[in-house]
Amino acid sequence: MNFLKPHYSLLLDPFSLFFLCVILLISSVSAVYAYGYVKDEYSPKKTVLAGLLFTAFMLSMAAVVTTGNALVFLVFWEIMSLVSYFLVVFETEQKRSVNAGAIYIIMTHIGTAFIAAAFVLLYKQAGSFDLVAMKTAALTMPPAAKNLIFVFLFIGFGTKAGVVPLHLWLPYAHPQAPSFVSSVMSGVMIKIAIYGLVRFVFFVLGVNALWWGNLVLFFAALSCLVGVIYALMEHDLKKLLAYHSVENIGIILLGVGASMVFIKLNLPVLAVLALSAGLYHLLNHAVFKSLLFLCAGSVYRSTRLRDMEKMGGLIKLMPWTAAFFLFGALAISAIPPLNGFVSEWLTLQAFFAGAMQCPAVGTKAAMGVYAAVLALTGGLAAACFVKAFGITFLAIPRSEDVKKAREAPFSMKAAMAFLALLTLSLGVFAGPVLGVISKVSAFAAGSCGMLVPRADFSSGVYTITPSLSGPAALSPAFLLLLLVTAAGAGAALVFVLARRRKVTAVPTWGCGYYELDARTEYTSTAFSKPFRLAFSFFLMPYRRTEKINESHYHIKSFRYELYNTYIFKRYLYQFGLKMTLRAARSLKRLQAGSIHLYIAYIFLTVLALMIFSGM
Amino acid sequence: MNPSNAALQVLALVIVSPLISGLIRKLKNNLRLRIGPGIFQPYYDIAKLFSKDENISVTASWIFRAAPYVALGSSVAALCLMPAFLPGVSFSAAGDFLAVIFLLSLGRFFLALAGLDAGSSFGGMGSSREMFLSSFVEPAAVLAIFAVSAAAGTTDPAALSLLGAVRPSSVMACGAFFIVLLAETSRLPVDNQETHLELTMIHEAMVLEYSGPSLALIEIAAHVKQVLFMTIAVNVLISPALAASLWPSLALAGPAFFCVKILLACAAVAAVEVSIAKMRLFRAVDFLLFGGLISAVAFILAVTGH
Amino acid sequence: MKIIVLLALPLIASAAPLFFRKQRTIGIINAAGCLASLAVALLLAADLCVSPVSLFGFIYADALSGFFLLTVAVVNFASSLYSVSYVQKDLTDGAISERKSRFYYTLFNFFSFAMYAVTVLDNLGFMWVAVEMTTLASAFLVGFYNTKRSVEAAWKYVIICSVGLSFALFGTVLFYYAASLHGIHSLNWTDMLRNAPLLDPRILKVAFLFIIAGYGTKAGFAPMHTWLPDAHSQAPAPISAMLSGVLIKTSIFAILRFAVIVNKSAAAGFTGHLFIGFGGLSLLIAAGFMLAQRDIKRLLAYSTIEHVGIISLGLGFGGPLGCLGALFHIFNHAVTKSAMFFCAGSIVKRFGTNNMRKISGAAGALPFAGTFIVVAAFALGGTPPFSIFTSELMVLIAGFAGGHYTAAAILLAALGAVFAALIYYITKLSFGKKPEDVPEGNEPLGMKAALAFLAVIMLVFGVAAPHFFGNILNSAAAVLW
Amino acid sequence: MNMITVLIVVMTFFMVISKRITSLVNAFALQSTFLAALALSEAVSTGSGGLYTVAALIFIIKALLIPHMLKRITAKIKAGENLGLAVNPMLSIACVAALDYLGWAFAVKVMRLPGPAETAALAVSLSVMLTGLFLMVFRLKAIAQVVGLLVIENGIFLAAVALCGNMPFFVEIAIFFDVFVCVLILGMFVYRINTLFTHIDVDKLNTLKG
């Protein structure tokens, strides 16, 4: 083949179309939002630049999911990273942006090196970068090579997706970008990595061993827990959301990994169910995470704040943003009848079915463990978003900047409203959506050469039924109806029994102390303290205390700062970096400056070569 | 399933739910050799609250006003899904056993927000601890649900209520659900309903700012939640179908047997509450993890067919 | 005929200082001359990939020469454009005298003449002489500023390269000896190639050892690379660009001439191991030095060593793909690295220091160069859609296809480390807040033109290389394989 | 002929034990003379006109011009006579002996040339080259490095003359010219170093590191 001119071959199967839809949906909404956001935020020149970069970003992602040529895939993959890098460092004046961008692009580039290695190994077998040729070549490939390729792919795509422990860049890069970019990065870009993984494992490589699925499941569960725990500890609103992206990628991968296991165990229906759960959560996460980032963006735009400890009371100043954020928070906490609930419920169903139908007891037990992990993650996520919403929007403002906050302009509100509506309708009308997604995932599972019966898990518009032995059904619409009825009944009760009661506005009760103000409010740190202590074995929190003595006897002021030990960063990355740099510095002694030394190198080289030729 | 039956069942349970609290309180007092208030005291309390005016903090927002209704709605909706008196009588088309857990988290979410809304540190502390404990309850609950659903092969509660036999796994699961019950209804050793010392209480601290009708709604929601978990616990152990099959002649065997089971459950709760002391917050976590362990054992037993 | 014109043009241009006094006019004439030679080189390369040309028995140019001529011409043109503004700045700063600025252009042209000569000489002895001439001509350019550091660099440059080249001469002598054993009393490459199968492989092997050690010193193979960072960091920026862009490539060309003979002889396949060995070593050492580097021009110099390593790996992996990738990489690296050196030169001039830790906000001070250097850094790190990505991928694939997994793994690891170093340092110095005392804006047109020229090539050849260039490249690779 | 090669080798020993610049330069001049003699004898034996010229060139350039120039430089820049030995003469001799052995072993074991004469010539030329390299590494003064370079070139010429009879004539001329220019330029740089640093101790030129 001619490397000087890689040819772009279009690939539009249901799978890539699904991702294309997600990309276009989220990006266009973010673009609408951006229209209001960039106004009087950046200089005209930078505004144009932002527009160009954003468009390029969108197009590169679209190109990645629609190409049938691995080389072109690689090229657009890198372009995607490059463009998003420039969007991360968009506020080039800030040192934080530059550092975050450096971490991001370096990690993602090294990940790409792994992907490239995997592709080249495939190319060696296939003699072409065309996916179809690769697939046929993979059939006759030795298992060892397949395993190697899979590991490379998982490392490569895992880096982009932010799978723990390769997630390091994510909480730095996503918050630094302008919010309409963060929403696309968190909502869509990291999903492209999922696309790559599924595309090359399901469609090209084929699931070769059981441990592949188990590996994915293990790291997925790790990502869920680590992501949500770090998110609980976070006070930077956007960083908190970024950590939740790590968690949700974990949930998505739980579905994908489970379906890999089921494919290997030849349980087609379950494979389709699990993959549908994963893909559905992928769609849902795209929607509610972008919504949350957009809301965080409008908060940042009007207050210049990202630290929750300085916020509070915004629900009165920005009622719409608050309402939309509440939708997102409920959705991401898997609370019915919103969309996050449906996909997590499906994932749990998949695990339950797996526990029923997998032959080995070990696998059954593993399914239970992963279900428990998912439940724990859900609980912690709910706690985290009670914190995020409560501290940010409720009670009394904690700083002056918050008090002059104002509601976002129309285009931003419109974008957020649309997504908020989507969280609701993707939950209530789960039936048809799941119908489509189950066809997509049936297509994916079918490409692994197993016979997939027509598996459609939706009966009617309102009800979804994972087709197991029994009729376990879920109808979010019906649930909504029940909820509304019951709440209405309560309202009626109040109306009937207590129509004449007075409602008086009084200051908050302070045990007789009536000077309550922002300083006596419960803070984000305080809220997360029980979790910090419960997970102290993992977080290893420590304090830096500082006393300012007025005299020997009297302490004027006492301040302490609380830190967590981020073990992956500390013991994996910083350690490795330290070792590498140390090695590099010791290497520098070679170039000591003495010309005699340099001639001696030539001398030794010549001698060595002479001896080498003698042997 | 017959909607009218199911609706009647839900209505009946909601109406008797305060009675159960009263009953437990009475039993506790008697066990402590006290007389205590009558078993209808909860009804009087609710009536009194409805008749009172309401104070709402100036800092509170619409979240604070909406929370009681959402809480009531979520508890009742969850109750709708579970068959109680008769096998298979529930709105199980709306959702399955897992949905119950998710539904309850809705009410909890809003109450926790309301706790933060007033801006008092008690509310914040209460909601922080409530969310903390509940997030450890969920895995235990889910595993227990898996365990009991394993026999039926589905998480559909209606199908569960048709199972006819008592299995080791269901016994373990029942134990797990009992621990979940204690935690979710803020009873000893996790929480203490009777104290009003703010620093030790959890649920009560969260709803500290409420008064009047709103508080009444929250109380009702709590009662409903309690009866729901009791129903789950007892029906998991001995399903309505089994009960009905004991006296096929007697038409109302199921309902009658259900009442007996509930009474026994009340006795058990009362016995536990008078016999153990409240745990520190982090010991409570261990207690919940113990519950998770039990449900894990139940799950293993279930998937291995016991 | 075109060859004569090509060789004559620099000599004519070198006479310009005799007739003109103003630096700017001379510079423009110089640029015009380079443009002319670029045009001639293009035509010539187009001819050569059809059929080789041989003149007077000692000039012989085939497609390979054509390719190298083209590369040299491109870089020369760019740096001649850049020189105009650069030397002018030196004059206004008073770093050099008017007389010296004229001397600069004379040397510049001798330098380019020598490099052209290397690629078109048939007689291997004369080729050696030409390579030595490139050293001597560029020595004064390295020591141009006549400061302590630059003279030190120049001294090391001349001495180390001369030592290396003397070994190369010894290797040439051995080649001649091997030929003369069969009664071929000629140093002409064509004759040797014709009789390559006859020659005694043992002698050829030993001779090639000395050749690769000798010319390798000039080509910047580790561990003989030691002159390179010093010379590159001390020379004027346009000269640094030519040094790392094309000078070292001409020595690679010299090595290739001999390697072809050895590969055609009974000792075929022997060269591969040596290329891979030197390439891997260069990659590792360069990566290490780049990770812990403070001087921006030294950073670029070490990255040159790294890219020479890649080229050498490509040649070692061999096969049509490997050779094609290596040659393409030679061109891409020449273009991209020149662009980097131009930006670095302007930034260093503006901030008055080579120390990257003392530079920040270059994009603010020099909107064009400061921004461009980031893009060029990505291009140099091997990011699409820039051309280096393609050639690196070709080399990588050749490595995997040839089953050289260790070397390929080393290549990937080194590429990762180098990318990290480049991006970390370059973005740090380009972005961020610019110090108050540094003036902003007014970037000379010459620099912008040179950078734009190179940028177009980087991008176009990355997306889809033009057809004629594809021909040149393929036929050049065909000479090797 | 063997006699001359032996003398050339002996000269290398003289070079490594000499502590002063002039003696080093003299030894080099003498070696070049012997080299010229060798070329002459080759010319006589083969009777090719080219070699006569080569011999003459070697004598004129390497035995007269360059040594004279080097001496003038040393006199001009008033640098001390001291060569700056990094390795004392005894050890140097041992090293050079080792290098000679290496060259011989290489010529015999590795190359396995047809005739003994070629073998000897190759061995000698290799050892001379390595000695030159040795001088460049272990003698600290700039001049010494220039001489070392020239010694290496002597070794190459030895090989060229003794192995191949005569290299193509013009190539020889070109190479001579080149060597001469190289030495001139090096001389200029020695001047510069002396004016800038006020010494020619190249070991102290080590500001460029890392």
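Each chain gets a letter, A, B, C and D, in the order it is written, and its residues are counted from 1.
The definition used in the following text is that a residue touches a chain if its C-beta (ideal position, glycine included) is under 8 Å from a C-beta of that chain, and two chains touch if they have at least 3 such contacts.
None of the values given here were measured: they were computed from a predicted structure.
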{"item": "Touching subunit A and also subunit B, the following chains", "value": "none"}
{"item": "Farthest-lying chain, centroid of Cα atoms versus that of subunit A", "value": "D"}
{"item": "Leader among chain pairs (count of C-beta contacts)", "value": "A-B"}
{"item": "Subunit B-subunit C separation of Cα centroids, rounded to whole Å", "value": "78"}
{"item": "For subunit B paired with subunit D, centre-to-centre distance based on mean C-alpha positions, whole Å", "value": "100"}
{"item": "Interchain centroid distance [CA atoms averaged], subunit A/subunit C, Å", "value": "45"}
{"item": "Centre distance in Å when subunit C and subunit D are each reduced to the mean of their C-alpha atoms", "value": "31"}
{"item": "Residues of subunit C whose C-beta touches two or more other chains", "value": "155-156, 159, 163, 167, 206, 229, 289, 292"}
{"item": "Shared-contact residues (touching 2 or more other chains) in subunit D", "value": "110, 133, 136, 145, 202, 205, 207-208, 210"}
{"item": "Sites on subunit A at which at least two other chains make contact", "value": "588, 591, 595, 599, 602, 606, 610, 613"}
{"item": "Interchain pairs in contact, sorted by label", "value": "A-B, A-C, A-D, C-D"}
{"item": "Subunit C contact footprint on subunit A (complex, rising order)", "value": "2-5, 71, 74-75, 78-79, 82, 89, 92-93, 95, 97-98, 101-102, 105-106, 109-110, 113, 116-117, 120-121, 123-124, 580-581, 583-585, 587-588, 590-591, 595, 597-599, 601-602, 604-606, 609-610, 612-613"}
{"item": "Residue ranges of subunit D touching subunit C (in the complex, touch as defined)", "value": "110-112, 114, 125, 129, 133, 136, 142, 145, 149, 152-153, 155-156, 159-160, 163-165, 167-168, 170-171, 174-175, 177-178, 181-182, 185-186, 189, 192-193, 196-197, 202, 205, 207-208, 210"}
{"item": "Residues on subunit A engaged by subunit D in the complex (per definition of touch)", "value": "588, 591-596, 599-600, 602-603, 606-607, 610, 613-614"}
{"item": "Of all residues in subunit C, those that touch subunit D in their complex", "value": "123, 125-126, 128-129, 132-133, 136, 139-140, 143, 146-149, 151-156, 158-159, 162-163, 166-167, 169-170, 173-174, 176-177, 180-181, 185-187, 202-203, 206, 229-230, 233-234, 289, 292-295, 298"}
{"item": "Subunit A-touching residues of subunit D, taken from the complex the two chains share", "value": "86, 102, 105-106, 109-110, 130, 133-134, 136-138, 140, 145, 202-203, 205-210"}
